[in-house]
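Would you mind keeping the following structure in view while I ask a few things?
By written order: A, B, C, D, E and F. Residues from 1 in each chain.
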Amino acid sequence: MKKIITLGEVMLRLSPPGEQRFFQTNSYDVEFGGSEANVGAALAFWGNEVYHLTAFPEQEIGWAAAARLRRNGIKTDFVKFYPGRMGIYFLEQGAMQRSSQVIYDRANSVFANFDGSDINWDAVFSGAEWLHWSGISPAVSKNSAAMTLKALQEANKRGIPVSGDLNYRSNLWQFGKKPYEVMPELMNLTQVMIAGTRDFSACLNIEFEDFEHAKGYLFNNFPNLKYLSKTERTSHSSSHNTIVGDLITVDDWYTSKTYDLTHIVDRVGTGDAYAGGLIHGLLYLQPQDAIDFAVAAGAIKHSVPGDVLLCSLAEVHELVVGNAIGKIKR
Amino acid sequence: MKKIITLGEVMLRLSPPGEQRFFQTNSYDVEFGGSEANVGAALAFWGNEVYHLTAFPEQEIGWAAAARLRRNGIKTDFVKFYPGRMGIYFLEQGAMQRSSQVIYDRANSVFANFDGSDINWDAVFSGAEWLHWSGISPAVSKNSAAMTLKALQEANKRGIPVSGDLNYRSNLWQFGKKPYEVMPELMNLTQVMIAGTRDFSACLNIEFEDFEHAKGYLFNNFPNLKYLSKTERTSHSSSHNTIVGDLITVDDWYTSKTYDLTHIVDRVGTGDAYAGGLIHGLLYLQPQDAIDFAVAAGAIKHSVPGDVLLCSLAEVHELVVGNAIGKIKR
Amino acid sequence: MKKIITLGEVMLRLSPPGEQRFFQTNSYDVEFGGSEANVGAALAFWGNEVYHLTAFPEQEIGWAAAARLRRNGIKTDFVKFYPGRMGIYFLEQGAMQRSSQVIYDRANSVFANFDGSDINWDAVFSGAEWLHWSGISPAVSKNSAAMTLKALQEANKRGIPVSGDLNYRSNLWQFGKKPYEVMPELMNLTQVMIAGTRDFSACLNIEFEDFEHAKGYLFNNFPNLKYLSKTERTSHSSSHNTIVGDLITVDDWYTSKTYDLTHIVDRVGTGDAYAGGLIHGLLYLQPQDAIDFAVAAGAIKHSVPGDVLLCSLAEVHELVVGNAIGKIKR
Amino acid sequence: MKKIITLGEVMLRLSPPGEQRFFQTNSYDVEFGGSEANVGAALAFWGNEVYHLTAFPEQEIGWAAAARLRRNGIKTDFVKFYPGRMGIYFLEQGAMQRSSQVIYDRANSVFANFDGSDINWDAVFSGAEWLHWSGISPAVSKNSAAMTLKALQEANKRGIPVSGDLNYRSNLWQFGKKPYEVMPELMNLTQVMIAGTRDFSACLNIEFEDFEHAKGYLFNNFPNLKYLSKTERTSHSSSHNTIVGDLITVDDWYTSKTYDLTHIVDRVGTGDAYAGGLIHGLLYLQPQDAIDFAVAAGAIKHSVPGDVLLCSLAEVHELVVGNAIGKIKR
Amino acid sequence: MKKIITLGEVMLRLSPPGEQRFFQTNSYDVEFGGSEANVGAALAFWGNEVYHLTAFPEQEIGWAAAARLRRNGIKTDFVKFYPGRMGIYFLEQGAMQRSSQVIYDRANSVFANFDGSDINWDAVFSGAEWLHWSGISPAVSKNSAAMTLKALQEANKRGIPVSGDLNYRSNLWQFGKKPYEVMPELMNLTQVMIAGTRDFSACLNIEFEDFEHAKGYLFNNFPNLKYLSKTERTSHSSSHNTIVGDLITVDDWYTSKTYDLTHIVDRVGTGDAYAGGLIHGLLYLQPQDAIDFAVAAGAIKHSVPGDVLLCSLAEVHELVVGNAIGKIKR
Amino acid sequence: MKKIITLGEVMLRLSPPGEQRFFQTNSYDVEFGGSEANVGAALAFWGNEVYHLTAFPEQEIGWAAAARLRRNGIKTDFVKFYPGRMGIYFLEQGAMQRSSQVIYDRANSVFANFDGSDINWDAVFSGAEWLHWSGISPAVSKNSAAMTLKALQEANKRGIPVSGDLNYRSNLWQFGKKPYEVMPELMNLTQVMIAGTRDFSACLNIEFEDFEHAKGYLFNNFPNLKYLSKTERTSHSSSHNTIVGDLITVDDWYTSKTYDLTHIVDRVGTGDAYAGGLIHGLLYLQPQDAIDFAVAAGAIKHSVPGDVLLCSLAEVHELVVGNAIGKIKR
């Protein structure tokens, strides 16, 4: 059981039940999710001691968000509460040829205004063995960009490994800086980068031809970098995808098996489940086993409603070895 | 934004939730639907000014039916209310190798007794650019057959184009006339006919060998006819169909791409979505684009619960061009 | 059937089902509500032609909000759509000794940024016989205060009677003006004021001793004023209130009977139902009948889930005359 | 355990969940109910062998109706299935000052067309010790009136006691006969009549001044009559009633205690629960205990959702003796 | 319509709705199921007179279990009620690559303590034409093993054919005997054995190489044996299986067509549906038709929520002949 | 923020939704509850650091139970997981004159077999300022009785105050000892006893005439005793109770105001909410304020679904001072 720190915004997720559309729904299912806390929840479910850093509104809905983190096994000792609003995202699950849709309503949230100045970094990182961040936090606001940088500096100062899911989303960067003005400094403090070619291009303002191209550049220019990892997804429809993942060091390249994913239940958070699986793999397994575990974790997440992979270590390992898939376990 | 008139019965649709059977359900989901109003709803969702002609019972459930039309964007200014009962259809959604089942309980409905004698046809058709009917109305009762004929005559008198979905259902024609005693006169007043070979055979009492055969006969014998259109559906199971559509003029034949539809959510109303798409296409697009748009609209409907395609123009166009199918739109 | 104009924000209302608390809920019931549109919905349900003036976000949730207005019988021809967010309010229904709670998340909504500059006032008021506003709109933002004033000026210019529910809420006035800097000008253009002593004190910055005191001041200083109306509510618990209402002219004072309201279902919108009843009463009934009708409408609203009184004229009249209360109507 | 026969229509009951109105509901809760089968279900729950005589449509919804009778412990060996439709009633539960509403859609049901000609009366009545009917059956159609008469004749022929709940509903009698042309013959074959003054007046076409008046007439003119019984209900609101009941012989008058019923859950079927309780009481208890048991059974029904009292003998007896009302039984 | 006896435990089944996991659910859907009663329910649905032998707790949940059997058409005249607890199984439906999970909580149930000593075997078997048992009952406890043996002896004594689904589950046999100490005696009294190679090996303590091997041994050593039957299932995922079945006599081998089952709704009870179909087939059809009917019944069960195939004879026959699969039946 | 220890079994609670009966429900709402953990949850909600001592099954449902404690703010660091079953209680909510019913299915649970031998008492009590137990634990099994004693000894050894809710339930004591053989030793280690006259009589095998009588005996014979507390409840129906509470020292007697509780939502856990309120009061308030706070907490619990009071300090204080009861808080 290792102490792991994750950092990022957690939003109220509101989605019409089943396959209903926003236009017709009479209720929203309530979840709470955010990329980095989703990663933390997977790691906590597997027995790690995960602390999430974030800020919530000081009212009932903020309390419910913290309660959801605790339910998921995440420690909320460092969560802050301030007056303000909760970030929200509305999610309409796609089906068949109809895509899933997300409507963000996250501007001016308590988290976006949170600068982390009252975080006790010594307490946070005491005994910690990993820090995970994503490219969403630095995109949200100047404050969160600064807080993310601070967290990475504090972790590096203490020799704690850092993973980052670059997760470039063009419509988020609206606080006045370009990604390539912010991300390189953060990437330089990161030992494990999770991203595809397009993310690297956007974050570095370099048009990479392909992943090999990016890989060469990255290992040459980011001396702290130890691992690159990416997934390739083919989207046949909202209900049918295939995925495969890679873990890459400067010298080696490990590829998982490919999963054919039909009858998809909830596509959201599958990348986070894979990232959680990867961190678990790098902490406890050999590289090939790590990427196999990570992609299996991501695959199973497609079958679990909500943002979070709620799945035991044993279940992920069973999928990796391929026993009894789809049989009833009694 | 064009003014479009649709005419036909709207029924209360009662269906067990999820995949439950009639035998086991403890509740019914409530929708309201009818072939022609479903067509109208799609057209209204895309910005047209759609008026539906129908009659409802003068009580709460009739009011709820009218409210549902309004929710869907349809104008109910010409809807009539009389004492009587609402037509009902019970729908059990199929799954896998088990077929969907419909139990009709529509006899003696207010609509079946409605003869349209107090409709102000001048007001209805003032500024209108399209009329759509289906073969269900003339099958329901002598009154509706007469009202449908009257509507078509009024539209033709004013030079308003008319589309008709022949929609032959053998178990409906019970008021004493055969389809071929009623339909030819209506078809003669129709510029766009949507139907397959079997429908044409039944409506004309001619055993057509194939669609080509029917096509020849129709363009020869119905001088007002401009367009034929049909869809071909292969039903692998309740959860898996493929569809393709055609639009045919006397000289040309336009075929859409074929959609492989797995994980079907709601099969009902898919033909109406396609008919709505076709009318939209004929009003605003070129023939090939029209049939592409129509079949894409029909395809997406399979993913939307309820009778009605609740889907924006942009979403249909995205499917036609095939971008980002099944990706999450943020 | 008279044409009536209402104006104001409509919010997405999210409430935990049943008596659940925010902390524990796993879904929110979806309603759409806003004081003035609630008034309009009651009037539309009774057969009036009601147009609501508001602005919604140009996306699916905004479309759903407009669809809900249409379902309720309100015409949305003058509703505007712009990019932006939907105002939200979270409602936890109280029960017993536990109060209902509202968490507002309405800042920076499309409506708050809406200045009405593209409203065609001639079209809006053509044939209109009433305008209703509330004190919420001028409190929300500078833009809405200006738009409300403009609407009142346009109505007065055309001799259309105006009612206003002053509805003072201290936590709303945050755009830099005090109520007494804004409200008197609006009140001066209003023929029917609905408010209690506390509202009048806040809006005029005068500490009235009691309602009589306020009444004297108002009829002396607002020459356009024809009617004052207020309700008195005694709150024994969230589940048990009593209400009574008054309608006051410069010369007369009409009091309704008192309703003992136990087993309350939904307290929200009861004041709006009463305001709608009052407008109906003033348009169609004598003063005593008007206040009786208004308070009965408000009483019944306590039994209807959602923001809106969904209740026929006949039902309200039955309560006024007191026949068959609580019997099953077959 | 005694064999008891009940006879009458069972309808599909569709009601909006909770306190929702017809206008706003998106689903209907499904129950099956009918006055006489409700009586039978209570008696079956208490261990009697109850056979219900009725007819259902020969399709899935008819099968579900029969399954519901069986679930409730009623034997369906004599239930008939024919092509046709199921009678439906839509029920909106009232709350507070808003009344419950029933919309009947029962015309032309399989039961209304059922003449009982293929019932094997010997099998039905072999070993039977009671027959119960209500005034609804003879009101529904000429066929059911004839079948009811036949059943009563067969029971009387065999010396089996008959109870009848006169249950006069003015809007039902539409098949061409007046109640007083049909009911006297049925009443003459009935040993236990359940009805109030108004029912007796309508069934006999005699304006009785009060119950005493009716009582005198009835015992004088109906030589088979042994017991009269009635309940008095005061309806303060849909959520608050009081009830008391009486059992009357030619010589004696037994009155139950009065129940104050607040927080009513489901008012429908409470009269049937009381009738079932009365039959049980007359079969197994002394007269005072019988009316006490009957009214307690009726009182408890107000707390049970659905048409049917699902309540053990022990629970009814506990209420009669008044122990531990409202305590948690562990 | 034939009288058929089934015998075995019925448990309360609790499953999270939809694809939710145990960890996250806020409610359980309630079903009641057990292998042999599931078989009985299918046979009852098809018109047979099925009596199930079991024991339930003498309280509300036991009553509800019996009510569910009755709803499904099973006669409960021989069901016993004793103080004690209900056996429970928690079922989490799998999806995609995630397996279904069952958590049993059946120890010390009323059934496990039931020794059948107060069963009136003459009444049970009077007129009966079939007995069905499964290998679960003798595994549960010494008492049930003895009762099962008694039932088989009584049936054989009367010449009533017996079918047994061997259904070996290693984790059940915990009362002190090995399967091969108990099962051979039961198999010797069984004319129709449903099992695969693995079941036969465990029940006879013989390591069969393949089914042919087992077949030879069985027909040589069990003189009463007339039919063997098995299904082969390939599990691609929880949502996608293929199945095929065989019926084998000493001389002949009948194989059904293979069904490709995608979009699986509920995998539980599919073997029981097939067993029910087989019994029906052996009672009413020729061997090839019997196995075709059985496997079609099993296939359709995958589409029906709950433990029980709720499906008419006509629907199974339609699938066998392959008409109109997946079309809407109107 | 004080560290508080609670100890006891937590069960899976299964209850039919709304007012449904066990017999008719198709789903169970899932809660987790137990007297002492309910107390702990209230204290945690108010900001205390609460650790609960218990044992759960080592599978998904046990994990969900622990997750629910964490959601409620309780620390689960000392919770143990072993193979075995979860204790269950089925709860049917009463309504009106119908009582709530509990069916226990808790025998042989992991907790009942838990002897606490692997608890690290030093870690548990380090820094702790309170221990709370109830009379349910020593009643469940010999193991739990021993573990409870051990916990009290460890607390007393460290001078940590102990409260005990005697909570005598006659049907629990089935492991071979009488309450009066076990309880006195535990009471002797308890500073705050919560109980009524009947509990004291049973635990001491002394027939106390009234509470005064018990009080005298207790303060004379239990030298560690500082406070007695009790509530008096009058149960008018399941929907209407009144409660009042007392706090008693050897010299003083403090009585709360009386609450009239109509429209009760969930009666379960109201005693635990009051006990939690009392502990909070004794830790932070003066005696009169303590009993006022405790009874207000208990009163509000009647309005909250589930076992646990989910209610802020501010809300309880508002009820004590009686402001704005039942108003909407915006």
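Heads up, the rule we're going with is that a residue touches a chain if its C-beta (ideal position, glycine included) is under 8 Å from a C-beta of that chain, and two chains touch if they have at least 3 such contacts.
Computed from a predicted model, the values in this text were never measured in an experiment.
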{"item": "Pair with more cross-chain C-beta pairs in contact, given A-B and A-F", "value": "A-B"}
{"item": "Pair in A-C, B-C or A-B that repeats A-E, with over half of contact pairs matching by residue number", "value": "A-B"}
{"item": "Centre-of-Cα separation between chain E and chain D, whole angstrom", "value": "40"}
{"item": "Mean-CA-position distance for chain E and chain C (Å)", "value": "62"}
{"item": "Interchain centroid distance [CA atoms averaged], chain D/chain F, Å", "value": "45"}
{"item": "Per-residue overlap in chain F, given as positions that touch at least 2 other chains", "value": "18, 21, 23-24, 26, 67, 101, 262-263"}
{"item": "Contacting chain pairs - touch in the sense defined above", "value": "A-B, A-C, A-E, A-F, B-C, B-D, B-E, C-D, C-F, D-E, D-F, E-F"}
{"item": "Chain A residues within the chain B interface of the complex", "value": "18-21, 23-24, 94-102, 104, 169, 171, 235-241, 262-263, 267-268"}
{"item": "Chain B-touching residues of chain E, taken from the complex the two chains share", "value": "18, 259, 261-265, 299-300, 302-306, 310-311, 315, 318-319, 324-330"}
{"item": "Of all residues in chain F, those that touch chain A in their complex", "value": "67-68, 70-73"}
{"item": "Residues on chain A engaged by chain C in the complex (per definition of touch)", "value": "14, 17, 21-30, 59-61, 63-64, 67, 85-86, 88, 90, 92, 101, 103, 105, 107-108"}
